[in-house]
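Both complexes below contain chain A, partnered by chain B and then by chain C.
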Partner chain A sequence: MSATTETHPDPSPPDASEGVEAELGFVGSIGAAFLDIAVAARELYSVFVRTLYYVFRGKRVKGAVLHQMNEIGVKSVAFICITMGFIGMILVYQSGLQAKRVVPDFTMLGATYLELLVRDFAASIGALMLATRVGAGIAAEIGSMVVTEQVDALRMSAADPIDYLVVPRFLASLVMTLALIVIAGTVAFCSGAATAYVFFDVRPDIFFNMQLVDVGDFLTGFTKCMAYGAAIPIVSSWCGLSTFGGSEGVGWATTRAVVNSSLAIIILNFFISAAGFLIFPG
Partner chain B sequence: MLAFKNIKKSFGPKQVLNDVSFDVKAGECFFIIGASGVGKSVLIKHLVGLLACDSGEIWLDGEEISRFDEQQMGPVRKKCAMVFQHATLFDSMTCAENVALPLRKHKDMNAKDALAEAKKRLAVVHMQAFADRYPPELGDGMRKRVAIARALTVDPTYVLFDEPTTSLDPVSARRVDTLIRELCDKLGVTSIVVSHDLSSIFSIADRIVMLYKGKVLKIGTPAEFKATDNGIIQQFINGRAEGPMDL
Partner chain C sequence: MVGPKGPWICNGVIRRNYASFGNDEQHMAQERSIEVKVGAVILVALTILVGFILVMGGLSFQPTYAIYVDFDNPGGLQTGAPVRMAGVKVGKVDTIEFLGGRVETKPNRRPLVRVKLKVEERVHESIHDDADFYVTTQGVLGEQFMAIEPGKGTKVLAANDEVKGIDPPRLDLFLAKGYDLLDTTVNGIRNNKELISDIATNTAGLVKNLNGVLGDNRERINRTAENLEKLSLEAKDLTAHARENYVDNPKLLHTVDNIDKLSSDLARDSGPMLKDAKESLANLNRISGAVGAPGEEQKLRKAISDLEELATRANTAAADAQSIVSHIKKGQGTVGALVMDEALFDDVQEMVRDLKHNPWKFLWRE
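Moving on, here comes the complex of A and B:
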């Protein structure tokens, strides 16, 4: 692999590739799209592997991870709490309405909601929210550094952009995604409990029912937190590092980071949930 | 000794460099000139592995480096420093920390020693008073001087300047010119300068190569460029809007 292709793909203008695809015809265009996906997957894999390498072998700047924990985690607390609070209210209200029609008994409403929250919703919805805020921020920051040649200047200073830019965000995201999702889950549960009490007269002590939550649910939820915490900075950093052009390129990188991070979360959710149901069928 | 041999580079269907070949002698101040978008910056980025050529060879001190990977490029980047067009200092670091970064990475110095050395290097470009300031607090000319100090920290044999006087006032531009000339004369550094600045070109260049439509149009001394009867070169070096040059 040449020195260039590792972190800095050649800045081919987007209209140029469109012109080439027009010459290829329909089948050729589909083939070209698959090739593009294969190249993107290889680059993403390369960023991931090199990030893991530098987690253990890199030399981090003092305070870089703490700084990113503040940027990624602390500054996301209010956003995550507000969104998850409202989502918790909506979920419990809709669930209560459905339960009212079928079995007018709300004793298991809290237990079912808590299981769903621990196993899936807190992690997946919280991570989707994080992807919009954190993913966009990472891609915009790294993308701006690419187009202003700061990433090239890093490479000239013998500082690998993966070690210097991606690893602190990766480590910070692993820790803070878990912490934020625990907070988000708690907020969603509390707002759900308040909704159940106001609209369906379910007392909080009845709503807080751990009967359906087992170790498998906790392990599945924890695995999702770690997977999403890793996926968001990796995907977003890759989008930032593959930025080309000027401010328009940074805009596209930001959009791609949000879309691809969200896709990664949904795909990971499918596989981890499937594995969770196979390993912990209860 | 540095040599580009038959370098070709395309971005999508657009061929930017088409069979570019020339040599740069040790210790000379070599200018690469040409219209905007002709591939001057692209060409020098090949030398330090920031871009990879489609075909051709780059010889640096007897070694063919065009197919080097990122790890092999480390010693090349220590030997060939680069000053980017927009200074590209890291906004989150002070000037001294910016200059210390290559010392820590290339020379494996500890943070304290690197910072002390960085302050000495800043003194060389008369920026020691601004060592603890952040780049956004400085003017363009000051940032450029800090970028030059950062490039020189690793004691390079070659320094690549990408439009070093662009966006500078005339006084700052001439100071940068003087600094580049002194690098060649006093330290024996080979300077390769991409520039449009006619004052710089004709005051400090030893030799010039002009690129036109992805190819080498002429290589020679400033006097040879002034004396040529090539209409394209005359239009460029005299800054005339009308002429045979196809932009």
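Moving on, here comes the complex of A and C:
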């Protein structure tokens, strides 16, 4: 019925791939890799488009999105706050040390840190953290459903698994990623302010300097939150839906979900940042 | 094994519901607790987001007023940049409008750019009408802001006033012009090497010759210099003397004062004097009128001729008297001897003294 379960980006088990490469030769293996990527991109696109379609046309099960918000969002709050808090401390400490070498002037440390946080770091690092937790969870859950043939049963009942499985996670992630990144960014900034106060004697009211943050920074950061919030469930769901071969396959699907989500975040970061710099120069 | 409907597999809550074997109350409580948690997270995030946007938008609860500052080039000033007075933030740049020199904001002023400042009302009294507005930078990263030097004028700058800002120094322009100048100089030197070499050679020769001339005439030059010095000293003395005598001299001042006084007296008295003279003239006129009658004139003539005769006689008498006196002076004649002969006087004196002492000599002769 759909490409998601019938074709796999990497159909052969790891131990058999060397044999395939030997058969195809060097040029053939490059071609195979490109074909795999093309197929994966098409499947990913298919999942994304169908998700968008079901967001507007699908049947919503009561409580499904709320449940996913709890799973993706609420249960990630502590994790993401702790990681971003530490990352904030490290970033300010390191940049403070670097700044100290050049000019011992910390008046603009907070302003530059806040700009970086709003424009990039809060969204990108927060989303990478989320990808490890949420992406792995989604892929494992859907993957195990696939290998226990629950997804096939859904299809047999003329229900698209995208509508029942992916859309609630997509909507929940869209909202909760933004919320989590806003909270995580605040935590990172506060921990950074504390670090600056302790190590560089920068008072918090000096550190909290909004001077360098403009609408361009804010919109770039907001767009990133939205893009990552959409990318994590789509990529992870696609990895979960393309699971095959028992519990080992579920493990592989989880790994691929984390890797591909992180990759998607970094690639999206590149393009959105470039667009941000083009649209809002300076 | 697989349920007939989607919710069974897609929704963890319902699956857990199966596990709890229909404990509805527990399920409801769990559901509500999830809602609360999700709501709390979203609410916190929304609060932070809205707060951030408000702060970013320059939220300030201080009432503000507007000042318009005209620039030809405000440098890298941007909307939202802070306005600082003595280093303290007192407002922000609201808008930067490009006028392009088309609008005459004040007589003879066509600025390119107009910057609207929103300044907090609390500093209104501190900004005077001679305040300076200029763009400067803060920190190493060069955050540009508008600085206000409050000024010391008597009047306070009113709201919505239009003032002229001080354009920031154009380093780029300075470098460009300096580069152009340097380029021209280098090209000039490069293209006129021979000419410059000639000039240098000639200058060196000139200096050498001058040095020779100075060396040869050292004594004469020294003498001339000494003379000049003396001359100047004398001139100085002369000047001092002249000053002492003719400028600072009190006598001169007195003279001038006297002349002044005289002239003022004359001015004061000339009126009455003229009046008297007039009266005298009138009297004279009357007298002459009286004298002018034919009989009177005859009498007058007679009197004058009598007078003349009298005078002649008197003259003669005087001459006779004079000759008598001269005779007496010479000691001629009796009176002359009496007057001029001292021996006679002595004799008379002795005789008188003798008579005083011996009055009997009047009666008796020895």
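The working rule: the second predicted complex is superposed on the first by the 261 of 282 C-alpha atoms of A that agree within 3 Å, B and C clash if a C-alpha of one lies under 4 Å from a C-alpha of the other, contacts with A are read in each partner's own complex, and residues count from 1 in each chain.
Simple rule for what comes next: a contact is a pair of C-beta atoms (placed from the backbone, for glycine too) under 8 Å apart; a residue touches a chain by one contact, two chains touch by 3 or more.
Because the structure is predicted, anything quoted here is derived from the model rather than measured.
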- Task: Look at A:A179 in the shared chain and tell me whether it touches chain B only, chain C only, both, or neither; answer first, second, both or neither.
- Result: second
Of the two partner chains, chain B (first) and chain C (second), which one does A:I90 touch, if any: first, second, both, or neither?
neither
Touched partner set for A:L35, first chain B, second chain C, both or neither: neither
First (chain B), second (chain C), both or neither: which does A:Q150 touch? both
The chain contacting more residues of chain A, comparing chain B with chain C, is C
Based on the superposed arrangement, let me know which partner A:L212 touches: chain B (first), chain C (second), both, or neither?
second
Check your understanding: First (chain B), second (chain C), both or neither: which does A:A158 touch?
Key -> first
Dual-contact residues of chain A, meaning touching chain B and chain C, are 149-150, 153-154, 157, 159
As the complex stands, chain C meets chain A at residues 2, 4-7, 9-14, 31, 34-35, 37-38, 41-42, 44-46, 48-49, 52-53, 55-56, 80-82, 138-141, 143
Counting only contacts in the complex, chain A reaches chain C at residues 59, 61, 63-64, 66-67, 69-71, 73-74, 77, 102-103, 105, 107-108, 111-112, 145, 149-150, 153-154, 157, 159, 164-165, 168, 175-176, 178-180, 182-183, 186, 210-215, 218
Listed in rising order, chain B residues that touch chain A in their complex are 11-14, 45, 48-52, 67-70, 72-74, 77-78, 81-82, 84-86, 88-90, 101-102, 105-106, 111, 150-151
Within their complex, chain A touches chain B through residues 1-8, 10-13, 16-17, 19-20, 62, 148-150, 152-160
